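Written below as structure tokens is the structure these notes are about.
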Amino acid sequence: MKKAIKWILWIILGIGLILIPKIFGIYYTNFFVSLAIMAVFSQSINIELGYTRILNFGHAMFFGMGGYGAAQALALIPGMPILGAVLCGMLGGGLLALVLSPLVVRVSGMACAMLHVAFNALFFMLAMKLRPLTGGEDGISGFPIPPFNIPGIISIDMTNPLNFYYFAVAVLGISMWLMWYFTKTPFGQIMIGIRDNPKRVNYLGFKVPESRALVYIVGGSFAGVSGSMYALFQNLFSSDATSGLNSFQPVLMTMVGGIGTFIGPIIGSAFFSVVEELARRYTERVELVMGLTLIIVILFAPMGFMGLYRDLKARWGKAPSLPKI
Amino acid sequence: MLLEVQNLNTYYVTSHVLQNVSLNVNEGEVVALLGRNGMGKSTTLKSIMGLVKPKSGTVTFQGKNVTGLPPFRVAKAGIAYVPEERRIFPQLSVMDNLEMGIKGGKQSTKEGIWTVERIFNHFPILKERAKQQGRYLSGGEQQMLTIGRALMGNPSLLLVDEPTEGLAPLMVREVRDILENINKDTGVSILLVEHNVKVAMSLANRIYLMGKAHIGFSGSKDELEANPEVRAKYLEV
Amino acid sequence: MKTGKGILMFFYVFSFFFLLTAMSPIQATAAVKAKFDVNKMADMSGFDPNNFPNPTGDTIKIAIVATFSGPAAAVGEGFWLYATWAAYDINKRGGLMVDGKKKLIQLFKADTMSRPDQAKKICEQMVLQEGVKFLWGADGSHIVKIMNQTANKYKVIAVNMISLSEDLQDAKNFSPYAFMSWWQTSQVGRSFAYYFGQRKKEKKFYIMCQDYVFGHEMAENFKKGLKEYYPEAQIVGEDFHKLFATDYAPYITKIKASGAEVIYTGDWDPDATNLLKQSRAMGLKLPFAHIYMGNPATLASLGVEATTGLLIGSPYSNGNPAFKTPEQIKYHKTMMDAYKRFKPPYNKMDYMLGWDPLAMEFSWLLSVIERAGSVDAEKIIKTWEGDTYEYVNGHVKTMRACDHNTIQETYILEYVPPDQQRQSFNIPPYHWSDKSALYGPAFRVPAEKVLPWMDPNLERCKGKKPSDIN
Amino acid sequence: MDPTTAMYVSQGIHGLAYGMILFLVASGVSLIIGMMHIFNLAHAGFFMLSAYFTYQFVAWTGNFWLALLLAPIATGFCGMLMERFLLRPLRGSGVIGDLILTVGVALCIDALVKVIWGTANKPLSKPPLLQGMVHFAGLDYPYYRLFVIGLAVVVLLIMALLLYKTRIGKIVRAAVSDNDMVNALGINIPLLFTFVFGVGIWLAGVAGAAIAPILSVFPGLALQMGMDAFIVVAVAGFGSLRGAFMVSILFGLMNSYGVQFISQLAPLSMFIFMAIVMIFFPHGFFGESEEE
């Protein structure tokens, strides 16, 4: 019975996603795409931050690797398929995470945070400096967006916003699902164990450093996916997407939504995008609105919306409240 | 009754680490809290001290409700905390470490209170090292410093967490004796969390045994000795 | 969140040059197709950029794409002033005849927050939801790229106002829907090179630019220009400092030791101001050849002595004296009257010399709409390609048809003390500013010497020379 | 002195001057992170706020010296308010909670500065006493920069005295290594936090006020300084004032001599240096052990 309800919900969600462009028009369709990109980006940091407590405050690096990876793949390699570009981005993010992972497993807490801020700053400076590679501040632009090709069967034009929407929903949806699946595997449970009590995981015979490294690489890869989708969506990738400020954005979103919960980053991204949109439309002072929103949210729901929800639930039931990080 | 803890519940992250823990300490008494690793002994002390906020339950000290107060208020009420792993201030000299324990920063001139000289009488080794930074002290010396620092606040109750852990056997004995002397000489009550059952048994008037997150047994030394099943259940590995 | 550590083209907007003038030979030969007529101007006494009476309904919808929030919010504020000024005038006159009907101009604030993703969102919102037909902006060439892309996708017109990057109009990024009405880095570099080559007073140059794409482009193009117009010149040093640097002292010490006679810089504020301020404080008295060191407030705070001898390049001037016709004087007076009534944030010194250059840019767009008689993009393109338009000061701009770049003559102006400013400011009070040196002698660089760059790979330009207008 | 030597010497003084400013900002960051474990992203915002306050006090009173005294105090007071009413209710909710709050405050400062002072560049002149240059043995150097160095040294001495010679300094140093323990000894840590936060912000305020006549006061000022200060703290390690001082001076010198000799790489040098340090000393040079 419960399973049936679950399936029905999934089907409703699926139909809803298919119908979004029909109901809301292209503008909100694109709004949704950028929201979904942010959601995947936030989720990828939630895996590190919320599930394993790797204080990665430099996630824009991986986003950047994804963006540059995809953009350069399309710009340099003729006939690069669109999925290939996304894969390049994913590899880019994953590779960088692999390279940095030996460092990350050695430090934790505030030092890890600072380390990431530091490397992010360096990455950003390099993105600005290595103009032949990155286009600097102006970015890589004008690269071709290839059609989605299944040879001999179908070729869909990806410059059409509607087609791109379905493509993005598919790619991002699958990424989301993969990350969800990742947290549900036995390994995912170990991640949570690492967060709550690393010593105990060690007693149980799992290698904490290696596990942390793996989580880090997975997080980096999916940040790469979101970066590459961002590059495809904008048809431009410039250095400002790799700045430290862009690293804090997904952290804020995750936090506001509810860190350490799967749905949290999604809610957070949606909340942020909507508040920003409303602030921009109806006020002249976007920063003030965003700043006050952050302060109010954090004061009244320090564990984000999901934390608030669980606290309310805990008042009636017995559900434990969220971990503090 | 000096300290009365009733139905304390504490959560850490998502786990319920203290479940309805109740215990009490009488004036002048040494009470030991024993149990295996990870049962919640240290958390009990931290919850009393206010370093961890309990979700529910009450802590009453000298008839005053101190539940959930910030640690400095609990300290001012007369409870001193000797933490595990010593936690002296490594950059401060021994002297400064001791002075850190003085409430309000000014040495009172009242009779019968702890002064640096008095601490040095109890711990002559600290006097020799008065000018050295805390981090250059040996483990045993650090432990003495922590106890001395706690005493500087003239507490009525000492919460002592694993004072002999990681110390050489000779040192263990010395620390034990010091605790005993302090209790005997000044009448300071001690709530002791200890891994070394022998030391604990030799010091304590009464004993609580902790199982996973709860108190499993309470009674005098003799009662415990007469009850091998309980010992096996809570203490032996 | 991610406010602008991106391109904060802070003073792209208002540190400009406010000179006004007459016609030049090359444009005398090309027939001017339209000009701004002051006598038709409406009564501007009710103009207030804070309360622009924005019409709704069946209007000509134009989005002002700029940074309205974050540290660079001044850019958007400036843009809003320029656009509302020109639009207020037209609306007061009853609007423009479009598709057989008089329509008023409706303006939209499109806040890009200096972010490409936000720029895409806002441009699409403008086009798809508000039905905007024209995107006018934007600060930062990556933002302009997004704006142009959006225009191309939804077939509306995008006008690049103040981003000087050449690759915006190259084969890869060119869009028939995008126009560039200001000037380009190569024109800046060549203008200065030509000026120095003719003046032959200084020989040793030091290049000091910001360390990012624009700064390097500025430097490259100046060097290219020197090769072309002043081969004897010597570059004695070249440095790129990071954006928003705090301390210029090490660079200044280096420049002092280099024996340079002029410093060429592409910096915009706050860097431009800080560079100038710190140079003078450290006793470096050399002139800067610049395009954005013109903020009147800063200049005033530095005083006359520190600002004398600076050289500014401008695509909007007309030589000396500045006010040549009664119409132009009238226009300037109208503007100054309006300025006196301004309330915050518009009452600042930055606008005390007027805002004609960019208001004129907007008027050109409106004139094109009027002559096309339509807001249909294809008709606008047809009208604008090869169009020539005369500004209120007599400056003439020509839109090159094949790559939508603007051909025009340019000016290099020297800053002189207030008592000498009379040679250019020929109406009372006979000076631009009494607190600092400002525009004196104006040097004209003929349009044919500073033709905008043309991408040889651009299909539409195959077989054409840069001087070919159509 | 021949001109070349003079050039090298003045590059050294430049490095010192910039290092000192950097130190003033970074020391506050370091103190706050070290003791309270708060990654205060609004720090640079307060730096900017102080520059605006300075501008405002000068506009009101015409007296730069008064402004130099009052602006940092006013800024420090704002910082204390923030600690008391925003950060304190949040104690114990973790690193990221504080982070979000400080981002929120930073955004609000950015926005309010624009509401109050507008977007224009606010020029501020040096006091007449400090205009001009000192001429000494072939070396020309602006008085004002020498004054900035002097001011920072005075502040440094005050801080050192406070930290090493007073009880409150001892408490602060103890709290940097273990604030829970200090709390458990009966010392009112929340109050101390408010005080230390105020002092940290005051330090940034001094830097903001001192630098206002050198830089233009505009809404992006916070961006200019923030990153550099955090890099100093990352390299020096949390809570170490001595480390922050040494690294600031090192960066100042690295910057000026970097510009002199490897100009192309100078903007990068600090970042590369930091990355290398962090690989080998993830807790910073002086992170684990102060006072070697």
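Per-chain numbering from 1; labels A, B, C and D assigned in written order.
The rule we apply is simple: a residue touches a chain if its C-beta (ideal position, glycine included) is under 8 Å from a C-beta of that chain, and two chains touch if they have at least 3 such contacts.
Source: prediction; values computed, not measured.
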(message) Please report the smallest number of touch steps linking chain B to chain C.
(response) 2
(request) Report the most central chain, judged by the distance from each chain's C-alpha mean to the global C-alpha mean. (result) D
(request) Going by C-alpha centroids, which chain is farthest from chain B? Tell me that one. (result) C
(request) Starting from the mean Cα coordinates of chain A and chain D, work out the distance between those two points in Å. (result) 33
(request) Compute the distance, rounded to whole Å, between the mean C-alpha positions of chain C and chain D. (result) 37
(message) With centres defined as the mean C-alpha position, give me the chain B-chain D separation in Å.
(response) 41
(message) Taking the mean of the C-alpha atoms as each chain's centre, how many Å separate chain A from chain B?
(response) 47
(request) At least two other chains touched by the same residue of chain D: list those residues. (result) 92, 103, 107, 110, 267
(message) Two or more other chains touching the same residue: where does that happen in chain C?
(response) 1, 3-5, 70, 211
(message) Residue numbers of chain D touching chain C in their complex, please.
(response) 3-4, 7, 10-11, 14-15, 17-18, 21, 103, 107, 110, 114, 118-126, 133, 140, 142, 144-145, 211, 214-216, 218-225, 228, 255-260, 263-264, 266-267
(request) Over in the complex, which chain B residues touch chain D? Could you list them? (result) 49-51, 53, 70-72, 74-76, 80-81, 83, 87, 89-92, 96-97, 99-101, 103, 105, 133, 135, 149-150, 153
(request) Give every residue of chain D touching chain A within the complex, in rising order. (result) 33, 37, 39, 41, 86, 89-90, 92-97, 99-101, 103-108, 110-112, 115, 227, 230-231, 233-234, 238, 267-268, 271-272, 274-275, 278-279, 282-284, 287
(request) Spell out the part of chain D that touches chain B in their complex, as residue ranges. (result) 92, 167, 170-171, 173-174, 176-178, 180-190, 289-291
(message) Can you tell me which positions in chain A touch chain C when the two form their complex?
(response) 25-27, 30-31, 34, 128-129, 131, 135-139, 141-142, 159, 161, 230, 233-236, 238, 240-241, 243, 245-246, 248-249, 252, 277, 280, 284-287, 290
